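Pasting the structures here.
In the two complexes below, subunit A is the common chain; its partner is subunit B in one and subunit C in the other.
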Partner chain A sequence: MASLVAPTPPRAASTALRVDRPPWGAIVAFLLPAFTVYVAFTAYPVLRTLWNSVRTVLPRNAEFVGLANYAALARDDLFWRAVQNTFVWACVSPLAEVTIGLLLALALYARIPGRRFFRIAWFTPVLMSYIVVGIIWVWIYNYDWGAANALLRAVGLGAYVQAWIGDPRVALPSLIFVTTWMWTGFNMVVLLAAMHSLPSEVLEAAELDNCGWAAKLWHVVIPLIRPTILNLVVLSFIGKMKIFDLVWITTKGGPLWSTETVSTYLYKRAFEWSTFDLGYPSTIAVVWFVIVLAGVLGLTWLFRTRERLEY
Partner chain B sequence: MRTLRWLVAVLAVTFASAALGQQVKLTFWSHWAAEKIKRDFVEEAIRRFEAAHPNVKIEATWYEKNALYAALKTALRAGTGPDIFYAEPDQVEYMENGLLLDLSPLDWSGIEPWAKQIWTYKGKPYGLPLEAWTIELYYNKKALADLGVTVPASLQLSAGSFTDLVKKARAKSMTPMSLGVGDRPFPGAFLVHEALVKKLGLEDYANLLAGKLSWSDPRVVDTLKLVRSWTEAGLLPTTFTTLKLGESHTYFYANPGAATFLMGSFYSSRAFNPPDKGGEPAGFQVGIMKYPAVPQGACEECRTLAVGGSYVVNAGTKNPREAIEFLDAFVDPAMANRWLENVVVQTGLKADLSKIGGPHAAYLKELFAADANAKYFFGLPNQRMQGKPKEVFTQVFNNAFPAGTISVEDAVKQMNAAYAR
Partner chain C sequence: MKRAIGLLGRGGLFAVVALYTAFAAGPFLWVATMSLRTTSEISIDHYALPAKWHWEKFGQAWFNSNYNVYFGNSLIVVVSAVALLTVIGSMAAHCFARYRFRGNRALYFIVFSAIIFPPQITIIALFQILVQYGLYNTLAGLALVYVAVQLPLTVYILETFFARIPGDLFDAARIDGYPEWQIFWKVSLPIALPAIATAVILNTILLWNEFLYAVVLITDESKRTLPLGIQRFMGDQLEDVGMIATGLMIAIVPVVLIYAFFSEKLIQGMTAGAVK
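This part shows the complex of A and B:
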């Protein structure tokens, strides 16, 4: 009589089966903390902001208002003023920071005398917080005794002395100058690192071809460090689209909204307009998130490398 | 015997726990962490109240104003706010959202009626108006004597005399008026709203702030032109837009010095500190005059009176009776006198002025003389406005207009647009 009992699988095969099964316990144990933090501090706030943006959110009362907040935002001239200022800042700053940073990096790459000192001096501003930088520059821009006006008076340009952050015509450029001063050193260091990692044979080949300094920079160095430049531009762009601290410390968005950014306006609407409503500020946050995302995608598309570089 | 001792011990612990259970703890959040005189006054009041009410313990937490407001916005929304907290009457959002306890049971007979009125919302009072202040035109007695300017017995210069003062001061390279808006949204606007309240009178000025009177009204435009004529004559420091409130005080009485200083009567909280802590230098003689008369003004005796630091009770408190009892403990002429003598700024509590003493009694006498026969407009514009009009008023009249970076026409246009729906 044939046995109906199935043969017992060999011990080795059983072990192999167990090994092939994903170790769910370990996966959950490792992922859960990070997942919990992500859900609590990123996903939930984002979803909650979206939820709030179509409501009037008051203590103990959240009323659905549909797209009314979005319609009001479209008509909000102060918001569009803030958008304009922020865009100007986010477009001008990356260009200035990366361009000046590139020139400084080239200077160091060319081993100018005192390069160690300059590397530290140019990089130092980045080590300070916006709060400290803001306070320092409020002093520098002081009309009576600030360094900026003192310098102008000293070199006989007293006619150009002005209230740098008190005059709506020059307040925004004055603050853009501050962020440029602050972040150029960071760009310089990153670009210098990128230059040092360039393949020497390509540069030597260019020299053998009698390639001049400018041509080597334009046709060899910049194309090779283009991904780094792109990253720096995107980082700077995102940073300026979110800028808050410096404005808050120096001008609080004034005078006459000339330095109002979307972040400062959002804060004012949330905490300084004598209302508890978080719906409208959430709408600003959602719209601005979409705009920033579109800007980053646009920049990436603009700078994308069409042809793969080979060296 | 040993068992008996254990039994007694257990019973003692049980009774002690029960007694502790009856202890009421009130949480109390207040501004003035860095303003020692005011903090000392409130802490003394807490000590006295706790001594008189052994079953109540008040747990005080002191903040700076911005940090307090941010903490309250979150805590009240989450239902975890303190039982009693600091507030100012412009924070109507608290009342609008039902977050404050109706303080009708408070002993209002010991509180000035105007102070109650400022804290009344839809017929119910919500705040204990501890601190009040007026806008005063302080002047350096010696500087004005040097300029040959005499303050009349009425304590009020005409607009023309004030223009002369400005010109004389500038001619001697002295700043005519110290004022700065580097860190506050209101001092620069003192210039305009003190002039407007005199020109329009109480009712029309209230209508103007409420958007019921156009900013294109010829009286408003004329007043703005008058103020502009002063600023164009060099009234303000060149550092006006970045000068901070504390700095504007020392600018007036110390370095570099100014002839006058348009400031809230909380001037004393900085000026009466020792000189090495930013106070007036020894021998400095401060005088108080009224804001200059405005040509064809409807109410030259009109001026602003604001209620500042106040205490309110959280509508969600579990101990409303004790919280109100604590606020009631402030309502006492002796407490009001103690506030006046120590803090040297007005209060919404009724005081016995005949008994005011202390080292600043002469200053207080001069302050009350400047306020004599005044008709008060209650609250600053930025306390009465909300939303966009408040934002535009602050940007235009606290900063740009006094700084001369916006014309009268544009200022009027901006304000009218702010009220347009």
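This part shows the complex of A and C:
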């Protein structure tokens, strides 16, 4: 890639020397360990999951059942409930995280004193495991002494006190709030880095044109850091499509499947329900894999077309 | 007048920033105070500062609640996985960045695309495979799976960096008669040390926190990693808030230490992919 950008003459000559004959022995030696691991623990498991998905797989034997698992999955209400929950999560989270992160980054961009300290503090939640974060938030959401209800009581909003993760109506939003708490700082730091890499001339020009603060933000800053924003949206989307740990430690998908995600449902079907069949859960995995892939490709495609339309 | 408004605006901005900081960091400070208080003290007032600092709780968690075992297991798995990852990841990245050969980009894409695979697509089969080869319920098996899981990200970070090293350096080494392995060892690696450090720190933290693969592939009490141990302790001693908080701090401290020393590197590593 680098040589494409700046094909200086001496560089081109030396490249030609290299193209001469690739040292196949060295190439194989360098790639072999990585590909051994890749084939054994990534490629082969993916293929085996595909193979599983058209079978009933019991500990001792496997029986071919054709597309029966897929047909059963299409009628599995719990699965579709989990899909719905996960999609809500994967669509709400990116919006919330990126919007709040952008506002915070702008606050820091205005050269507030102590920027470095704030940056480090805001990045902290993302470094903790979902297990640690989950337990802390189980406590924060505790009905009797949790910080959420304590705060509401303290400011006289006692009417809103509730069992945040015990009530099916608010459990999912409560957990989405946790991931937003966790990831907003990360988004903020990334956006800040993108803003600092903007050419200062552009911003100065906007300043000279007596552009208002909001106008400057909307017409100058956001269009310039758009690629970063879109990347963050995709990253957040992928992360939420996989979410498992947080749900597992807080609600295990309950109450009444209100926080069931595809990952927790798959785990339950494979390792918790005593059906001993690994075929059906594999079918869930394959269908979900296709959906995630389609989602990511769809998002990238959508963003790319919009980019083209604009110019 | 305009100055006053400006000052007011800045004050308001600062207030927002401070408020958000309290929101982001507050929960951790709360857990830190609880980790030094006994559960009976906590149940009187959940938000008081420790009246007496009960450091001995860390000893209790460490020796009586098996946290020494969990911590040791996490350390073994993470260190061996990261070591292996760094070696094979940098070898592959060096190869992708340095040699032009038919299929280079295709192979790179095959490895890199695994970055978006949801873990579910491999986890059931990994369970079967590890059982089959006697690696189920072993730290070695978990470490190998971790290597495979983090390989795409590692290769991606390192390849981007290796590709920016000027090619002339390698040609010079080649003209001097260095064999390919020595070029990797004596030219590529030393120059790429900053990128390798980033990858090492990032992988260490991500694997230290990993839960899904561990919960599927490990069931023995004596093989549990920290996240599993915490989950089990939470399940057994739900009411013992003080002790759970101590356990959480044991898991958090190494991460905080790494962060304290390498915050810039870590932020750089985690944001590498997102900023174009």
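The rule we apply is simple: the second predicted complex is superposed on the first by the 277 of 311 C-alpha atoms of A that agree within 3 Å, B and C clash if a C-alpha of one lies under 4 Å from a C-alpha of the other, contacts with A are read in each partner's own complex, and residues count from 1 in each chain.
Just so it is clear, a residue touches a chain if its C-beta (ideal position, glycine included) is under 8 Å from a C-beta of that chain, and two chains touch if they have at least 3 such contacts.
Every value quoted in this text rests on a predicted model; they were computed, and no experiment measured them.
Enquirer: Based on the superposed arrangement, let me know which partner A:Val126 touches: subunit B (first), subunit C (second), both, or neither?
Expert: second
Enquirer: Does the superposition put A:Ile165 against subunit B (first), subunit C (second), both, or neither?
Expert: In the superposition, A:Ile165 contacts subunit B only.
Enquirer: Can A:Leu108 be said to touch subunit B (first), subunit C (second), both, or neither?
Expert: In the superposition, A:Leu108 contacts subunit C only.
Enquirer: Considering only the touch criterion stated at the top, classify A:Ala74 as touching first (subunit B), second (subunit C), both, or neither.
Expert: neither
Enquirer: Of the two partners subunit B and subunit C, which one touches more residues belonging to subunit A?
Expert: Between subunit B and subunit C, the winner on subunit A residue contacts is C.
Enquirer: Check the residue A:Trp273 against both partner chains and state whether it touches subunit B (first), subunit C (second), both, or neither.
Expert: Touch status of A:Trp273: first partner only.
Enquirer: Does subunit B (first) or subunit C (second) touch A:Phe30, or do both, or does neither?
Expert: After superposition on chain A, A:Phe30 lies in contact with subunit C alone.
Enquirer: Please indicate which partner A:Ile140 is in contact with in the superposed arrangement: first for subunit B, second for subunit C, both, or neither.
Expert: Only subunit C is touched by A:Ile140; subunit B is not.
Enquirer: Residues of subunit A that sit at the subunit B interface in one complex and at the subunit C interface in the other, please.
Expert: Common to the two interfaces on subunit A: residues 271.
Enquirer: Okay, in this complex, where on subunit C does subunit A touch?
Expert: Against subunit A, subunit C makes touches at 10, 13-14, 16-17, 20-21, 23-28, 30-31, 46-47, 87-89, 91-92, 94-95, 99-102, 107, 110-111, 114, 116-129, 144-145, 147-149, 151, 155, 163-164, 166-168, 170-171, 180-181, 184, 205, 208-212, 215-216, 227, 230-231, 234, 241, 244, 248, 251-252, 255, 259, 263, 266-267, 270-271, 273-276.
Enquirer: Going by the contact rule at the top, pick out the subunit A residues touching subunit B in the complex.
Expert: Contact set of subunit A toward subunit B: 58-61, 78, 138, 141-144, 163, 165-169, 252, 254-257, 268, 271, 273-276.
Enquirer: Mind listing the subunit A positions that touch subunit C in their complex?
Expert: Touching subunit C: residues 1-3, 10-11, 14-15, 17-19, 22-27, 29-31, 33-35, 37-38, 40-42, 44-46, 48-49, 52, 57, 104, 107-108, 110, 112-113, 118-132, 135-137, 139-140, 145, 147, 150, 181, 184-186, 189-190, 193-194, 197, 227-228, 231-232, 235, 238, 241-242, 244-245, 248-249, 262-263, 266-267, 270-271, 278, 281-282, 284-286, 288-289, 292-293, 296 of subunit A.
Enquirer: For subunit B, which residues count as touching subunit A in their complex?
Expert: Residues in contact with subunit A: 69-70, 73, 76-77, 90-93, 96-99, 182, 185, 237-242, 386-388, 390-391, 395-396, 399-400, 403, 405-406.
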